[in-house]
Amino acid sequence: MNTFGNIYRLTSFGESHGPAVGGVIDGLPPGEIFSFEALQEELDRRRPGRDASVSARREPDRLILLSGFLPAGEGLIRSLGTPVGFYVANTDCLPGAYDDIRGLYRPNHADYAWERKYGLRDWRGGGRASGRETVSRVVYGAFARQILSRRGISVNAEVSAVGGCANPAEFSDVIVRARSLGDSLGGIVSATVTGVPAGLGEPTFGKLQQMLASAMLSIGGVHGFDYGDGISLASMTGSEAADGMCPGDGDAPRFLSNHCGGIQGGISNGQDIRFRVFFKPTPSVAVDLPTVDTAGNPARISTKGRHDPCIALRGAPVVKAMAAGVILDAMLLARTVSLD
Amino acid sequence: MNTFGNIYRLTSFGESHGPAVGGVIDGLPPGEIFSFEALQEELDRRRPGRDASVSARREPDRLILLSGFLPAGEGLIRSLGTPVGFYVANTDCLPGAYDDIRGLYRPNHADYAWERKYGLRDWRGGGRASGRETVSRVVYGAFARQILSRRGISVNAEVSAVGGCANPAEFSDVIVRARSLGDSLGGIVSATVTGVPAGLGEPTFGKLQQMLASAMLSIGGVHGFDYGDGISLASMTGSEAADGMCPGDGDAPRFLSNHCGGIQGGISNGQDIRFRVFFKPTPSVAVDLPTVDTAGNPARISTKGRHDPCIALRGAPVVKAMAAGVILDAMLLARTVSLD
Amino acid sequence: MNTFGNIYRLTSFGESHGPAVGGVIDGLPPGEIFSFEALQEELDRRRPGRDASVSARREPDRLILLSGFLPAGEGLIRSLGTPVGFYVANTDCLPGAYDDIRGLYRPNHADYAWERKYGLRDWRGGGRASGRETVSRVVYGAFARQILSRRGISVNAEVSAVGGCANPAEFSDVIVRARSLGDSLGGIVSATVTGVPAGLGEPTFGKLQQMLASAMLSIGGVHGFDYGDGISLASMTGSEAADGMCPGDGDAPRFLSNHCGGIQGGISNGQDIRFRVFFKPTPSVAVDLPTVDTAGNPARISTKGRHDPCIALRGAPVVKAMAAGVILDAMLLARTVSLD
Amino acid sequence: MNTFGNIYRLTSFGESHGPAVGGVIDGLPPGEIFSFEALQEELDRRRPGRDASVSARREPDRLILLSGFLPAGEGLIRSLGTPVGFYVANTDCLPGAYDDIRGLYRPNHADYAWERKYGLRDWRGGGRASGRETVSRVVYGAFARQILSRRGISVNAEVSAVGGCANPAEFSDVIVRARSLGDSLGGIVSATVTGVPAGLGEPTFGKLQQMLASAMLSIGGVHGFDYGDGISLASMTGSEAADGMCPGDGDAPRFLSNHCGGIQGGISNGQDIRFRVFFKPTPSVAVDLPTVDTAGNPARISTKGRHDPCIALRGAPVVKAMAAGVILDAMLLARTVSLD
């Protein structure tokens, strides 16, 4: 269960404090040209340690590609259509930092549930449940975005709210304040995909919104998803929510509104796809909380480590990446509808 | 893409105005005893035409089982561990009712997107995109619920808001009013699963919340999903959202709160699982709306047919069914963690 | 595990002495026209009771389609691109015939292994392990063959050996003799697919020969598979086995031989695909054999029932059907290689 | 399509002359202890360049594990239950050796079919179609074998025929002779799995023989598979082929023979599993053969490179590895039959 996607697939591996994180990307179309530098830049954008509002962990996060390409000159690479093995080494591990909480379950972390499932866990940082696992998702999305981009499809995602504050100009202040209290904040990421052709997604299982929700709820810390007018639709009437149509400029009709977020009956209709992803606050806080140790005795915990006070900030590139992966996957899958 | 689930799987078929809807259930454990009557009752609960607040279509919806069981006496059946083929006949079809809108795209229906994908569509009612497709989901869930129930696991789902109104005592009035205006309403279904063992769900892809979100967003008309404190978590701090722990009565520790909705790091922690599903208003309304015909000419449409003014009402049993299917599937899948 | 295929998929259900056998076909391309009569004829060809060399069981085997089509006039049906639910009723069941062997394990049948796996079994005939399960495979293949046929692809399979005899003119005599002794015979089915485009199959997992082998070894009673010169290649030299090439009439080169059976590196090369399927003798024989009863006591068994003395005969249409399904599946899957 | 298995899964990557070959193993049970040295030894056994009868390519083939383990002291590692990322670097590449045949299609290689499918190919050695891809399979099997071994299950595979010669004492001579002629030979690998519990495999799709056949036919150069008495069964009578039963020492009955190779109705019956794999001769020979170049002009080719004259020799460890993977996968999957 470390594989995502139908045709364009990511199989991911890696613990936060093991040798590396990485994966295998399958289904990358052959003959596509990629800029290696642009791939690396997407990873850099995900990386912690860039400013005060994100985790202080510093990782060069240098992408190593092990297969799937021929060199194409001038920093470019050409895909062979074969699987892409890749990894990023973990070089800034301080496992000693976790020694004193090794025997404690951190509240709202995966620690307790994990140990109940597997009988053991990697107590050095988040292990497999760490945000560092998202490195492989960003690589998965970076290839997809270059392919989509040259076909006129653009995927964007940005933080639209932090701890209840919806004014981007104030995000930085709000976060710095929370960090100074040793606390953390939830947030919302809003995403838009433009240029999507009509006909992506399957009518029953494999609805496009289902693929997107599955992708988003697979990201650590995500507690909600909606698309189009989303949760507001639950308070609307059918006549308010209707996206009327009129003749368009060319063959395709024009929609008079986009309450449905570009998806009808599970299938894209050619309008922009809009959706939102709701992140909980980073569970690691320096605030003192009640817990138990692995022997069941009461204890108190206050996580020091290096953590982002608002995971939604680092979540935005991951949302963008997973959305790009889903769209490319849906485009490849849509080709199986007929033989002609 | 008409199959859902990993081990306990549903493959579904059927158009609203074809001969039947049904499916195949795979992975049903052998030797389990079921009450046929209880299965039929779950279908009856999903059925339209029971009172003024739901669609007037009348279907006996008699469940026909084609395989997978031996009779076990007194209306009981015993599962063989083989796939369960089943169907429910479509007997109350009035395809003539759709003749005058055959050439029009109904706003917020799947009509336009479907035709762009497949090049043709079943214009007789919703076809495959009809709510009638949920019959097979209810059967899938009904078997699961009987199995879960005798292992102390209970799945519940009910409408918690209709068109912005959160008072159940007023739901009926609110709906009757919308219907009298030829309009429809969105709504919210809230679900709780109790008695779930710790350890269900996978850490990366296959998180329990991902399986639930995928199930819920596969239901027609659903525009959003959240779990635990859900979208509210985006406005909270980490210390507010933390679910502290203390020693419990037996071996397992006790949680001091359940903001996380019973799932941590993608894995159930033994607390109740809570989630919500947001439904849009029924797209078919008797209100006059602008559209185009299949030739691209401007037109007006007002859907007469027989439709539920609030699909969330009939959505609740479907939410319950899909949740039960997901939990049983996760329980079977969790057994593959080790050999011992 | 009752689903076969990647894009063009069959999910099958049904025990030999339950109400029906059938399945759901997913991924059937939309807008294709089928002759219902031709579908029924393929089922008739699989049917027992046609002459003395096959089982005496008589089933009308009337195909019932529950979804997936619109009528297209004159006995024709047009596919919607939605899943096809179908079944064939079991009408000639004589479960009483099995009463006296209910507590015995039949040698070379699935009885013992099944009971060890599931804890119970359907003792009325073969249950799920019966050859009757192949009804759904024949339907799966019949749709595929009509689609392939109008694209110039032809799938053929026939019995090439019976009990060591390779002369078709003598097959009937050989079988009648074995039956008169209460015994049964193994056989070989040889298949050829012509008109296959180059490029089908995947290079690593999902090789075309792997898909075919998986399909063939899923048929009850099959004990071996080879393709091209097959097992003879194990005794050949590389220079003997080489399929040299020379310029062809058009763009594509011409092959000077076809030792490889039309598949190289897992991918079709445009030549005919040739493979063989090796069937064991029907396990049910009227010869007295040692066994144990379900309590572990020694016993003797001689299966009376109605059985084909050579399952390879009824296996040929099933081989043909599964091969057609694999080829159509591979053609649809091959479309996912690129976006253009 | 670079993933194999249901629960215990391998996703493989790598071209023969790219940076590395490797993969991700998913579903490895947690808490298992492995000897790293034993893993490396299995890779060494697969490695070419050990004696005159195999390819002269020399690769240290040092296994690098990137995730999935905690150190367990004394060269031992303990599995976390998380995915295992691994690779082996390609260090002995001589791509220049392929320059003069870059524009030619090598007979019986994947070259032509590959180029028809992907529009481009890696002409440096076999690329993805190289035998070097089997490195990841050997690692997949090596973990499985250690797990199976401590549960009393043993997987063995050895070459039983080379170029028609079935006397192991003569294999070396036969191969050296073929090599001296610049030619190559086919061969047979015979495998046995002992200690397998009854109940593995699924009755319809997912039969144990189907899983094995699928695994074996996914290995490059394999042209045939049979199990039990295999292809001989096609010439036998039912009474000859029957595996009678009698009471055993303990609870389980004893079989009087094992014509069926330990599998009945797709499910293991507790006897030894026996099967054979038929390999074609290595397609690269130094004998002059007719071909065409990529522009379609006639040409002659004689492959120099460094190649094994009999791939069956290096195939044996791969057969063993894949068989071990299938058995572990089937054991994990069999646990999903019931909840109890």
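Going in written order, the chains are labelled A, B, C and D, and every chain counts its residues from 1.
Operating definition for what follows: contacts are C-beta pairs under 8 Å (C-beta built on N, C-alpha and C of every residue); 3 or more make two chains touch, one makes a residue touch a chain.
Please read all numbers here as calculations on a predicted model, not as lab measurements.
Asker: Pick from A-D, C-D or A-B: which interface has over half of its contact pairs in common with B-C?
Answerer: Going through A-D, C-D or A-B one by one, only A-D repeats the B-C interface.
Asker: Return the chain pair with more inter-chain C-beta contacts, choosing between A-D and B-D.
Answerer: Counting C-beta pairs in contact for A-D and B-D gives the edge to A-D.
Asker: I'd like to verify one number: the distance from the centre of chain A to the centre of chain B, where each centre is the average of its C-alpha atoms, in whole angstrom.
Answerer: Roughly 26 Å, centre to centre.
Asker: Using Cα averages as centroids, what's the distance between chain B and chain D in whole Å?
Answerer: Roughly 44 Å separates the two chain centres.
Asker: Once you find the CA centre of chain A and the CA centre of chain D, what distance in Å lies between them?
Answerer: Computed from C-alpha means, the inter-chain centre distance equals 36 Å.
Asker: So which bits of chain C are touching at least two other chains?
Answerer: 1-3, 12, 27, 30-31, 81-83, 117-119, 128, 203-204, 333, 337-338
Asker: Edges wherever two chains touch, nodes for the chains themselves; is that graph a line, a ring, a star, complete, or other here?
Answerer: Per interface graph, the chains form a complete graph.
Asker: If you look only at chain A, which of its residues touch chain C in the complex?
Answerer: 7, 27, 29-31, 81-83, 147, 151, 203-204, 331-333, 335-339
Asker: Which of the residues in chain A end up touching chain B in this complex?
Answerer: The touching residues are 1-4, 12, 105, 107-114, 116-119, 128-129, 133, 161, 163-164, 178, 183-188, 198-200, 202-207, 209-210, 212-214, 216-218, 220, 222-231, 233-248, 251, 253, 256, 259-261, 263-270, 278-285, 287, 289-292, 296-298, 309, 312, 333-334, 337-338.
Asker: For the complex, give me every residue of chain C touching chain B.
Answerer: 1-3, 9, 11-15, 18-24, 26-27, 30-31, 64-70, 78, 80-85, 87, 117-122, 127-128
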